[in-house]
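Once you scroll down, you'll see the structures, which are given as structure tokens.
Shared between the two complexes below is chain A, which has chain B as its partner in the first and chain C in the second.
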Partner chain A sequence: MVKMTDLPTKGGFSFDLCRRNEMLLKNGLQMPPFRKTGTTIVGLVFQDGVVLGADTRATEGPIVADKNCEKIHFMSPNIYCCGAGTAADTEAVTDMVSSQLQLHRYATGRESRVVTALTLLKSHLFNYQGHVSAALVLGGVDVTGPHLHTVYPHGSTDTLPFATMGSGSLAAMSVFESKYKEGLTREEGIEIVAEAICAGIFNDLGSGSNVDVCVITKGKTEYLRNYQLPNPRTYISSKGYTFVKGQTEVLSTKITQIQHKVETVEGGDAMEE
Partner chain B sequence: MGDSQYSFSLTTFSPSGKLVQIEHALMAVGSGQTSLGIKAANGVVVATEKKLPSILVDETSVQKIQSVTPNIGVVYSGMGPDSRVLVRKCRKQAQQYFRLYKEPIPVTQLVRETAAVMQEFTQSGGVRPFGVSLLIAGYDDNGPQLYQVDPSGSYFSWKASAMGKNVSNAKTFLEKRYTEDMELEDAIHTAILTLKEGFEGQISGKNIEIGIITADCKFRVLSSSEIDDYLAEVE
Partner chain C sequence: MQNVEISIPTLNGWLLGYPVTYLFSNEKLKKATGVVSMQSLHIYKIYVTRYPYVTGTSVIAMKYKDGVIMASDTAGSYGSTLRYKSVERIKTVGDHTIIGASGEISDFQEIMRYLDELILYDKMWDDGNSLGPKEVHNYLNRIMYNRRNKFNPLYNSLVLGGVKNGQKYLGTVNMIGTHYEDDHLATGFGNHLARPILRSEWREDLTFEEAVKLIEKCLLVLLYRDRSSINKFQIAKITAEGTTIHPPYSLRTYWGFSHFQNPSKGAAGTW
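== the complex of A and B ==
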């Protein structure tokens, strides 16, 4: 049967399994931990637009899963979004809203506005009651001017002149609170953002590696991937990593012969053609 | 939809093996305003008449040629509202393809999916076939391409094609004028001349619409002043 109209998808969180989960927890089950990005992401508004910044470390518990991942996601040519929280959630939700913004642009024939992206994100996250673990810093410049917002996993948002999110947010915020002022120039803005991210990289274990910066102004966006590389690899051994045969000391030897298991089949049927 | 009195399909076979509703849909297309497309060596051009029902209509608010992705555009002949529905579905399908494969949708895939939608409406209950034929023009890794999709859901790749009121004259004209190694600029001139053939009244940038894809894979609709420049060149 053909759907006559595109019915709105029956979204929202299905609470069916929650009682089962509660029962399992009572019986002593350990919930598996989520894989988080453990991040420092920041944004600030300067005189001509917004600057977004992010570190590039993705963690799986105590292990660094990706030393140079991209946390600044494309939403539209004039809007970018930094994501903290569960990496899959931030990727999926920003991809989905980017797609919706593109369709909206075709329908209206206009440049996307930051509040549109904001509303699409917050409605989706609220529908999922915080189970989509995406904490975002959304920034961009549209016809109404430069905008910067933070979006929390439960769906609440703030509109701010400067913002930080992620496990390194306190380290980054300390830099912003002492150095931010209104009417910053582009160079000053980028410098403060890079400093804030570095504060996160060096003082928070969940953040590390390099600094990514994105500068959005009216009519122009510059994505400065790996703007700073404050953690170069300096520990390469000059001797190299090949090892001569016999270098490893043999402590003991035990040889077990393989015992072949022989099976005799009596009078089996011939294979059918 | 299942239990209503009209849940049978309106496109049922006639004794001679035809689907009469589709034939009628093609008649609706045939009485629509002429549109055409030409595939050049380095791009594609599509053009259509934009005859408005009255001089009081604000012609800047009417856009018959639409873009579906940055490198694919669509023009129609037939019922405007039907084409809007199809364009909307096309855009959504292109986005879904991109979300899934992280690759811009190839032109052939988009044509196939659009044709599948149009075919669905010929084999379902309570719906009627679309009263439009679409010309889908695109430029991807396989070069410039031009496809025509009919209300039945059949699609063909064309070097040059026309649809609507003046289809037979336009096609004869195109057959004479088309060359394999035509450049995009020549194709635009040929398109304008073909439209001029059957045009009633004074042709100008305000009553025709032209869309082009150039070798940089960008589809765009020409402004009326650009069309006036081309018209001056053609004179």
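== the complex of A and C ==
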């Protein structure tokens, strides 16, 4: 093993472990596969715009880490993006592109277009060769009309009338393929989206909890958080959970006053810019 | 002739139950190549099923008012090639059962041999009893599980349906021996694409026409989204009156969505 001299950290990525990884791969270690972190996300184009839908379960392997997380991310007032895959990646990449879109809006003085968000996302993801594990359903309405796209972790995109992603995508897609038609009304669109997410919630173990819906039309966006709650807590005590004083037996009481030992002295100069 | 590998039937292979290759030298040739070997032979290779070669994709089935309905496509794929386009993957077993198979087609043919033999022996008793779907299911389950325990599975997922004495029955068994019954079942991709639809839209009292419509809904989704399916389906139904396996037919598909026509509208050069 070559002895590495201690270089001062200059910042940036440290490639030290790459050698170790190469050695492990050579010795026959199998890289753990990328975990699809359990999601059902869908999008659908209807008469006047797009409807996006998502479940609200975030999983860490077999454990539900967050029962009610938000998978529909804001990109711009007229564009929203659902994210499946590694939660950190979807969060970070949509935040980043959202900021880039705002700067672009300031520069151009115009409303953002969906294809702009699409191009920014796909070039970023392609650059990272699939290591940024974000599978996205991007939808919005701009001057050119309603658009719906899917973006895959390696950077490829599709333009579709209806799309599903995540581990529950097959269950949701079976609902879309049998029920979708052109020229849906807003109510029909929302109903089909909610049905597709419910199919994912009830037939896929990686998805669950509630249904989030986002309806985007020309000039108006409605983010319907927890549009449906098909998994309520059953068997709650109807009397509620109140604990009357005296219900718990008090064995002994000892009160110790807080002693201030340290005197904080205000003063000094204010922080300079 | 150097040391030759010859595959020969001997008592050893018969006892083992596997096709076997023995390795022996020229001196032992006379002793080894009798019908019953006079020599204890060195087992060189044992042949077991490791991978499927010609495969069928999903089968979907459900109970309805008068009995059980089952459907599959008629494709036999050889890896990623669509090799055979007229494979009957649903067959009758006796008077009371139909069986549908996905997975290795040659193993399905072997299973049919076992089942035809079973039904034949049952008929030979001529005692007024006949094997129903429950019994056939149990028999198959024993075969599949015992083969899996010998690391030589029959590479199939099977769906069995039938009616006997007015009782409808629908069960499944697969290559590792997992078996269960339900009101609607599917194998392979059908579990992911068809079961969600069936779970929300199946009812106990579907008429035959409604059941066919529901099954066609599932078959269409499978046709769109399963790469190894083809547009040639067979529906089989079994009721107290008997079995009918309908001739193959195709479904109408729709590709005319406006978003498919012009995906790069609004942005030249994208796709």
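The definition used in the following text is that the second predicted complex is superposed on the first by the 201 of 273 C-alpha atoms of A that agree within 3 Å, B and C clash if a C-alpha of one lies under 4 Å from a C-alpha of the other, contacts with A are read in each partner's own complex, and residues count from 1 in each chain.
To be clear about the criterion, a residue touches a chain if its C-beta (ideal position, glycine included) is under 8 Å from a C-beta of that chain, and two chains touch if they have at least 3 such contacts.
The model shown is predicted, which means the values in this text are computed figures rather than measured ones.
J.: Identify the partner contact of A:M96: answer first if only chain B is touched, second if only chain C is, both if each is, neither if none is.
T.: first
J.: Which holds for A:I201: it touches chain B only (first), chain C only (second), both, or neither?
T.: Once the two structures are laid over each other on A, A:I201 reaches no partner at all.
J.: If we overlay the two complexes on their shared chain A, which of chain B and chain C does A:I216 touch? Say first, second, both or neither.
T.: In the superposed model, A:I216 contacts neither chain B nor chain C.
J.: Per the overlay, which chain contacts more chain A residues, chain B or chain C?
T.: Ranking chain B and chain C by residues of chain A touched puts C first.
J.: What is the contact status of A:T157 with respect to chain B (first) and chain C (second): first, second, both, or neither?
T.: After superposition on chain A, A:T157 lies in contact with chain C alone.
J.: Between chain B (first) and chain C (second), which does A:L121 come into contact with in this model arrangement: first, second, both, or neither?
T.: A:L121 contacts neither chain B nor chain C.
J.: Is A:A135 touching anything from chain B or chain C once the two structures are fitted on A? First, second, both or neither.
T.: Neither: A:A135 stays clear of chain B and chain C.
J.: Answer with first, second, both or neither: which of chain B and chain C does A:Y106 touch in the superposed model?
T.: first
J.: So in the complex, which bits of chain A are touching chain C?
T.: Residues of chain A touching chain C: 45, 113-115, 118-119, 142, 144-145, 147-148, 157-161, 170-171, 173-175, 177-178, 182, 195, 199, 202-203.
J.: Which chain B residues qualify as touching chain A in the complex?
T.: The touching residues are 1-2, 66-68, 88, 91-92, 95-96, 98-99, 120-121, 124-127.
J.: Within the complex, which stretch of chain C touches chain A?
T.: It is residues 189, 192-197, 199-200, 217-218, 220-221, 224-225, 257-260, 263-267, 270-271 of chain C that touch chain A.
J.: Quick one: which bits of chain A touch chain B in the complex? Just the residue numbers, please.
T.: Residues of chain A touching chain B: 1-2, 4, 6, 95-96, 99, 102-103, 106-107.
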